[in-house]
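Structures given as structure tokens follow.
Across the two complexes that follow, chain A remains constant while its partner is chain B and subsequently chain C.
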Partner chain A sequence: MLARYRILLPVISLAVLLCLTFWMQPRAMSYFGLNLLFNLAVPIALATIAQMIIIMVNDIDLSLGAFVSLVACVTATWLNDAPLIGVLVLMALILTYAAMGAVIHMLELPAIVVTLGMSFVWGGLALFLLPTPGGASPAWIRTLMTIKPPFIPMAVLAAIIIAALTHLLVIRSKLGTVLRGLGGNTRSIARAGWNVTALKATAYGLSGLFGVLAGMALVGLTTSADANIALRYTLLSIAGVILGGGEFTGGKVSPTGAVIGALTLTLAASFLSFLRLSPDWQIGAQGAILILVLTARLLFSRKGAAT
Partner chain B sequence: MKTIMTGAATLALLAGAAYAEGTADKRIALSNNYAGNSWRQAMLQTFEETASAAVADGVVAAADAFTTSENQTTEQAAQIQNMILQGYDAILLNAASPTALNGAVKEACDAGVKVISFDSIVTEPCAWRIAVDFVEMGRQEMDYVASRLPEGGNLLEIRGLAGVSTDDAISKGIHEGVAKHSQFEIVGAVHGDWAQDVAQKAVAGILPSLPDIVAVVTQGGDGYGAAEAFAAAGRPTPLIVMGNRQDELKWWAEQRDANGYETMSVSIAPGVASLAFWVAQQILAGEEVPKELTVPFLTINQDGLDAALETTPEGSVANVSYSLDDAKAVIAGAK
Partner chain C sequence: MTMKPWVWAWTAAALAFAATVLLTSGRGAGELAYAALSFGAFAAIVGLGQMLVITLGPGNVDLSIPACMTLAGTLALKAMGTTDGTAFLGLAVALATGLAMGCANFVLIWLLRLPPIIATLAASLIYQSLAIWSNRGLRIKPPEGLADFSTGRFIGVPNLAWIALGLAILVWLLLERTIWGRWLLASGQNARAARLAGIPVQAVRAATYLSVAVFAALAGYLLASFSGGAALNMGAEYLLMSIAVVVIGGSSIAGGNSNVPGVIGAALFMFLVVSMLNSYGAGAGIKSVLTGTIIIAIVIAASTRRSRQ
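Let's look at the complex of A and B:
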């Protein structure tokens, strides 16, 4: 499948789902409605980008949900009460993520095991910080997340900005290109004289940065945090990356696709709820939508390979 | 009790019809975060019964229940936003978190949707809260014990799950009650985690070190386990306050038939969902309703035991369906 068509399928999936939703619930077809449909997709989109950067270097991050929850707890407590300490803690978290990447590469540990272990560390820290739900969102984040720009709802505008910036970062910039190369063929990048440990650390650090942004955006929407607030994000973000045209083989990712994937997943959940599907079936139905899109992709790529 | 409940429901419907004018075109949604235990199942069933009767009667246009599939706050926040989009006039909310849904609740309020939280309430000021006064529940237990045993004596306290606010509140009420009835003294306390097996183990562990116990004050779900532990230790059965679980009621009835055992049972009824429904109906009808409401407990005394046991399915918990009049009484009580 050519890279430029990689984006086509996610766009079509989102468009189809959006049309169905509008048909089911015409009220959603408005400034207000679009914002309600998609505002919780903004932190998911950021988390999906974080996951995408890890998948891009051929790893997988099972700690992302717990990490975003921890960031949400830090944001709702320290960043609100003592902004300086809050910023320092968040930066320390990003550095920890970078260190995690370096350790994974240097000791040749499987990322899936390390991140799974770290998820308990993040979860424990979050519980330590906020044993019972609470805290408050810093006013400026709340303002940012509830801003009402003219014509385009905040959620849609944010998705466009995230997609554009990460496209520049991952696809166009020198660093992004090297990082994609790292995922595609680590050895050739190493032979070309790059310090692979530093590159892995950079990728993980970037991922941590987007994880932090996701947690902050989430608190801006919910106004407070609890230690389990974002546990679903681990699987949602992986699904978002794959739905958006990314592949597990490393190096083959699409930032725009990932953002669209996150929007599609959020929309799928709403659509199923509009359908009045029993909750027992909803997870299964969400999975079915995912499989449907992946099957379509497989068919397309087979066809592409044949011609 | 069944006939009483049916009677109450009929009354509620009659009264509901009279109040239907203002709310006949209104739609109410229930946002529920969890359905994985008997209490929640009973809650959903009671809501379903109340809601379908009210819809059939034309009191409201629709009343639908939604349960999130994963008990996650982000999922429930999205669910609430979807309800706003679907144009519901009121949302009943059993919340996954007291604070993390506040953003979504505020959005609902801003869109003109009334949000009524019950059982697990939210702190957002624009929402209504139907809460349980667990401290009062503890106090009432002590008042009952004092009325039965005016001469006083040693008490064993069984607490709930450590670190949960409900446990602190009930225990606080019990301790206030002990301070009021100073002839009693709590000589031992264990955590029973609201589960019979845990309570039995904990009580069995502490019993050998305790003097004679005249009464056991509990939090619900632990009375049967305590009774078993006393029997296993060969000690006389004290006065054990029960918590409306079917196994507790069954044990109580057996003891009563065998030796005239007397006690009381108290807990919160899953039917609180039907109370929330009628409160929402009153709010939609334009009634002035205070934001903070308190749910009455479901107390079962000696006379009501047989009826309660009969209507409580095995493994479940005693329930009651609240009527419009109950809701009005609760609202009037809070004013």
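Let's look at the complex of A and C:
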């Protein structure tokens, strides 16, 4: 029952925002229009999933934006020029993420601080790799991101696939269940005989994997990269997770909700530009939408507690 | 307790200072110390505010500090409009702005029951818009007297450093010698136990979120005066900086434990480590990588020492 409530709010807020957008701009109600509206949602959705996996194990990742930027830089340079080295580097980055998770658990370090420090490291490496914006997207990623499937625009289709796959991984699979348990009660998972360090490393590794996918998808859309390309993803992904009905503690997350949260955030930006709002107020209105949607969550949780 | 946690931050700052001065074989030590005290003052002021919030316990952090600094700085400079003798009017505007932002943040957290991270994040977007709207891309210069004051010195030490020191002593007295400080620490250690013990936990939280916004507003006012005008991105680097100085300074990120001298030492350290890397000719990329590595190394050092006790 609670799980159903959790998914209801993100769905309603996306539907309301979508209706308002169509009302403002009826021409957006088409294959091409939808693709434009949600185009940038794919990398944001992937990054939100990455953040969700970290939040699922009761940590928070302040380095995600810098990490996605670094991946974008690697994709636009090494992966394009020397695919083998590029793949190896990206795999090394995922392993580093896993190691970060293991270290955080073994030394009982606060994740917020370690990821804060790592954000400087990722940012520095990205700057080292691409001091000025540039690079080029590997052709196959570009093709993949601009593919035109029949009936459903690529961006929407990709979001559905991401939501379905992560739902299977996080909610249905054995690993996902244990990882959510880790967020719920670490000690009982340890007592049940699981190796918590390995689990934490797995969670961070998975998060790194989705971070890498986010960076690659981003380059496929923008066709070039720079060291600061995705810095705003850190806060955007946290907002997406919470908007999608996730909570900061207790392993209570919803992958479908997180993807919908990411779509809502992307749509909010498009909606505001349709409103012909003065550019001064664009950012502020995004904040206001965020507060509004989360206030609605309060009504739900009150109702949930009462019944 | 054998060693105070703040010793680490101060040692690290001293090492970074020595390493820089060593390179120039003693020349420019005075200038370096002066610059560190000036720039460190901003990090110290916002760090003290962030420390109070983090002391409130897990999940409490203020992400609106950069936006608070920018909005307060912008509005204050606009109110002063380069007219001489309006420094106190500007200060009042900045502090009032800070107070208003603190109230807004706390209303979101308390009435709407939003997690503080999300509440301050969403609110900061609105403050940012307000700053853009009121600024209109103009760069208003601070009145001459105020600009001179913010870059000036008193008994050889920058005025800014005196202000930061005064605030640090105030916060220290508040935490260690008043009932409010005890209440704050108790709320941070166990909010439920504190409530049952009759501590007005919500009032403590309100006062804390108000103080962090006022501190950020003061820092924004001083930074705008110091750097010859308010810029829209002037607070950007202080988001991570404010959290970093709290943790390097030895306060517990889990709350309920704060450390004023550590914040000051860490603020000096954060400036000194960058200038050390600069003087060794490190590029922007390497500088950032090393800064991150050093932050993590200090956190690891501090945590292993804690667990051995």
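Everything that follows uses one rule, which is that the second predicted complex is superposed on the first by the 306 of 307 C-alpha atoms of A that agree within 3 Å, B and C clash if a C-alpha of one lies under 4 Å from a C-alpha of the other, contacts with A are read in each partner's own complex, and residues count from 1 in each chain.
The definition used in the following text is that a contact is a pair of C-beta atoms (placed from the backbone, for glycine too) under 8 Å apart; a residue touches a chain by one contact, two chains touch by 3 or more.
Predicted model only: the values in this text are computed from it and were never measured.
By the touch criterion defined above, A:T266 reaches chain B but does not reach chain C.
Judged by the touch definition given at the top, the superposed model places A:G134 against chain B, while chain C stays out of reach. Look at A:T223: by the touch rule set out above, it reaches chain B but stays clear of chain C. In the superposed pair of complexes, A:I283 makes contact with chain B and with chain C alike.
Touch criterion met: A:I112 reaches chain C, while chain B stays clear of it. Within the superposed three-chain model, A:F274 lies in touch with chain B and out of touch with chain C [touch as defined at top].
By the document's definition of touching, neither partner reaches A:P83: not chain B, not chain C. Overlap of the chain B and chain C contact sets on chain A: residues 131, 280, 282-283. Contacts from chain C toward chain A in the complex involve residues 58-59, 61, 63, 108, 112-115, 117-119, 121-130, 132-133, 240, 243-244, 247, 253-254, 283-293, 295-296, 299-300, 303-304, 307. Those residues of chain A whose C-beta lies close enough to touch chain C in the complex are 60, 62, 107-110, 112-114, 116-129, 131, 235, 238-239, 242, 248-249, 278, 280-288, 290-291, 294-295, 298. Per the touch definition, chain B reaches chain A in the complex via residues 35, 64, 66-70, 72-75, 77-79, 81-82, 84-87, 97-104, 106-107, 111, 124, 163, 165.
Remark: chain A residues 25, 27-28, 32-33, 36-37, 39-40, 131-135, 137, 218, 220-226, 228-233, 266, 269-270, 273-274, 276, 279-280, 282-283 touch chain B in the complex.
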